[in-house]
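Each structure below appears as structure tokens.
You will see chain A twice below: alongside chain B first, and alongside chain C after that.
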Partner chain A sequence: MNDLAEIISRNADSIRKQWMAEMSGSVQRTDLMSKTELDEQCRAILESIIEGVKTSGPTNVSGPGWDTARQLLQEISASRARQGFSPTEVATFVLSLKQALFSAIRTAHTTAKNQDQLFDTVWAATELVDRLALITTEAFTATREELIVRQQQELLELSTPVVKLWDGILALPIIGTLDSSRTQVVMENLLQTVVATNSKYAIIDITGVPTVDTLVAQHLLKTITAARLMGAECIISGVRPQIAQTIVHLGINLEDVITKAKLSDAFALALQRSGRAVVRQGPERASGISSLLVKKEE
Partner chain B sequence: MDRIPVLRMGSLLLITIQVDMHDKLALQLQDDVTHRITEYGSTGVLIDISSLEIVDSFIGRMLANVAAMSRVLGAETVVVGMQPAVAITLVELGMSLPGVRTALSVEAGMELLLTAAAETAYGFDDERSQA
Partner chain C sequence: MNVLKRDEQPLKSSSDVVAARQKVRQWSTELRFSLVDQTKLITAASELARNALDHGKGGAMTIELISNHGKSGLRLIFEDQGPGIPDIEQALKDGFTTGSGMGLGLGGSKRLVNEFSIESEVGKGTKVTIIRWK
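Right after this comes the complex of A and B.
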């Protein structure tokens, strides 16, 4: 099989040129990377491929001779994933090498009469390029996967603020679906803030929770029970009509929990329980047409 | 230390748990609390567990037991100062301590017990609170 290695190393320059030309037709993204950079990458990859074919043979891509090539391809596709290339563009980067390789093989075999040998070489080249493309795609996906995990982590930290509404009254607006890992973060955040601010009332607002099923309800009840054990009282607010219906249909028992339709209702209840009241001290200060409207209303 | 001190504060009993609980200590505590309640005619028991970092189901059960025993003897129990990690652990263990009252601090707990005592003072057991 060293036939292929020989062909590649002898025609390295022309293969690279054709490879570049092939790519410029379909995937070259001048907005994301310069031509010289691409040229540099192609040269490095070709060199590592020659080394691989020579030492470990063209089909044994997982062999030790291919280490440099594998690493190089993984690095390149990882950096492309971060730069925002599409999967097609990254895969085509390697696949367009095929055309260049084939034409190099063809010129090398013009004089040879042995059709079998030609076919063997072509097949080896196809297999090689396909495997390299697979490595590239795998690395690309892995990088994207990493990106998603990191974003999830960030979202988890961002999305659970505990705000102080009044002295001794906390609010916890939950936005998005409550799963087990999020409940853990929400619970810890809430309980820590309860201790830090010495708050007796905590309002959990679920206006931003799209659906409440038995699991979500169980997570909520856990949080409420933990808060109760510490001596804080929880009020659930922001129960939308649909959610109220779902809760009853599912037979979820929220008897021991105080629930309110709006955050303002829950806040008023918390104020009342802590012996406070909000009193209007005078007429509302408004100007122009809105003041007329208010007067009329009164 | 082979027993947890039970302090008397007027009509209340104050228990501060500051060491790791083990079986013998817990049984001794239950014994002490029940005896003190009958001895002093206490109307409330306050258990401060703010320095307790680790709990297991046994301690959770002990707290529930003390509360139930006190109630039988006519005293309310308040557990105060539970740490967030402790609360989460108890919930994960499935122990929500339904019969136990809770408060954030000793102050708040004492206020709760005194209000409860004042409410029951109008009831049937006013002769004991006068005693």
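Right after this comes the complex of A and C.
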């Protein structure tokens, strides 16, 4: 079996050259990676492959002799995933080694008459390359998944802002689905801001929640109860007609909660309850943006 | 009753419940359901999909576009291979729950649709079929 190791180590230079040539024809991305960098990577991989084939045999890629090769490939495909290579490009990077290996084997066997041995070597080579390609694909996917999970978490943090509308009045616009993990973040943010700003009123706006089912309602009620324990009163706003009908049919009891159709209504109520009122002081004046708008209309 | 179109959505995780809701939303928009009818059907689908996931340990939703004497509608079938429901009448009662929910999902979704049927066998699984006509 070590026929393959011998062939690779003897022809390492020509294999690498052909490998590079193969890649430049199909997947080389000069916009993402320089040629010398690629050449360096190919050299390192080939060296680690020779080491692996020599110590652990060509097919046992999970063996200890392949540690360096595996690690190298995982690093390379992870960095390529981040750089923006496509999965095909990353897999073809390894797969294009096949042609180079085959032609090296062919040259080595021109004189030999032993067909069995030739086929054994070819089979070992193709199995080896396939397994290495699988390693890169797996590493590529793992990196992408990490990226997705991180973005999900970032989205969770970003998408639940608590804004201060007035002294003592907070607003919490919820956009998207209110699942358990989201509720946890929403609740934590709200309660912390209630304490930090010493607020007495919190308006939870559900205009951006597409579906209010029993789970969402339960999560809302839990948040409201928790806020109440902290001494803040909650008002739900953004109840659309279709949501109102659905809640009635579902039989969810929201009678203990103040609900409003619009955020402005809820804000007005919170102002009123805290002993404030918004009054017009005089006739509407055309100033700033509104005067510009008038000009445009003319 | 003719089935004009059919699609399936597995229910294995909570993101599948979101996908199921989106599928129902898309189909009911295509069928030009009114906004209220859309919301009702989507909410019912959300409840039943979550039931299949939480109580039935995962399953699948089949969505069908059906027509009957010139009337068209959407039929949703939720199937799971979970423990089944021993007492369906009790399960449909408002406020009854074996989990930590509000106990309104099953009875509530029955009120949100035009036709509702439930078959369940203890140890085998549960199948809930709902239809909302246009």
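Methods note: the second predicted complex is superposed on the first by the 286 of 298 C-alpha atoms of A that agree within 3 Å, B and C clash if a C-alpha of one lies under 4 Å from a C-alpha of the other, contacts with A are read in each partner's own complex, and residues count from 1 in each chain.
One rule holds in what follows: a residue touches a chain if its C-beta (ideal position, glycine included) is under 8 Å from a C-beta of that chain, and two chains touch if they have at least 3 such contacts.
Being a predicted model, the structure only gives us computed values, none of them experimental.
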| item | value |
| --- | --- |
| Chain C versus chain B on the shared chain A, clash or fit after superposition | fit |
| Partner chain in contact with A:Val163 - chain B first, chain C second, else both or neither | neither |
| Chain A-centred angle between chain C and chain B, computed on Cα centres after superposition, in steps of 10 ° | 70 |
| Which superposed partner A:Ala232 touches (first chain B, second chain C, both, neither) | first |
| Which of chain B and chain C A:Leu147 touches, first, second, both or neither | neither |
| Chain B versus chain C as contact partner of A:Ala21, first or second or both or neither | neither |
| Touched partner set for A:Val194, first chain B, second chain C, both or neither | first |
| First (chain B), second (chain C), both or neither touched by A:Thr177 | second |
| Smallest separation of CA atoms, chain C relative to chain B, angstrom | 9 |
| Chain A positions touched by chain B in one structure and by chain C in the second | none |
| Parts of chain A lying in touch with chain B, wherever the complex brings them together | 187-188, 191-192, 194-195, 198-200, 222, 225-232 |
| For the chain A and chain C complex, residues of the former touching the latter | 177, 179, 210-215, 217-218, 241-243, 245-246, 249-252 |
| Residues on chain B engaged by chain A in the complex (per definition of touch) | 79-84, 86-88, 90-92, 96-97, 102-105, 108-109 |
| Touching residues on chain C, where the partner in the complex is chain A | 14, 18, 21, 25, 35-36, 38-40, 42-43, 46-47, 50, 94, 101-102, 104-105, 107-109, 111-112 |
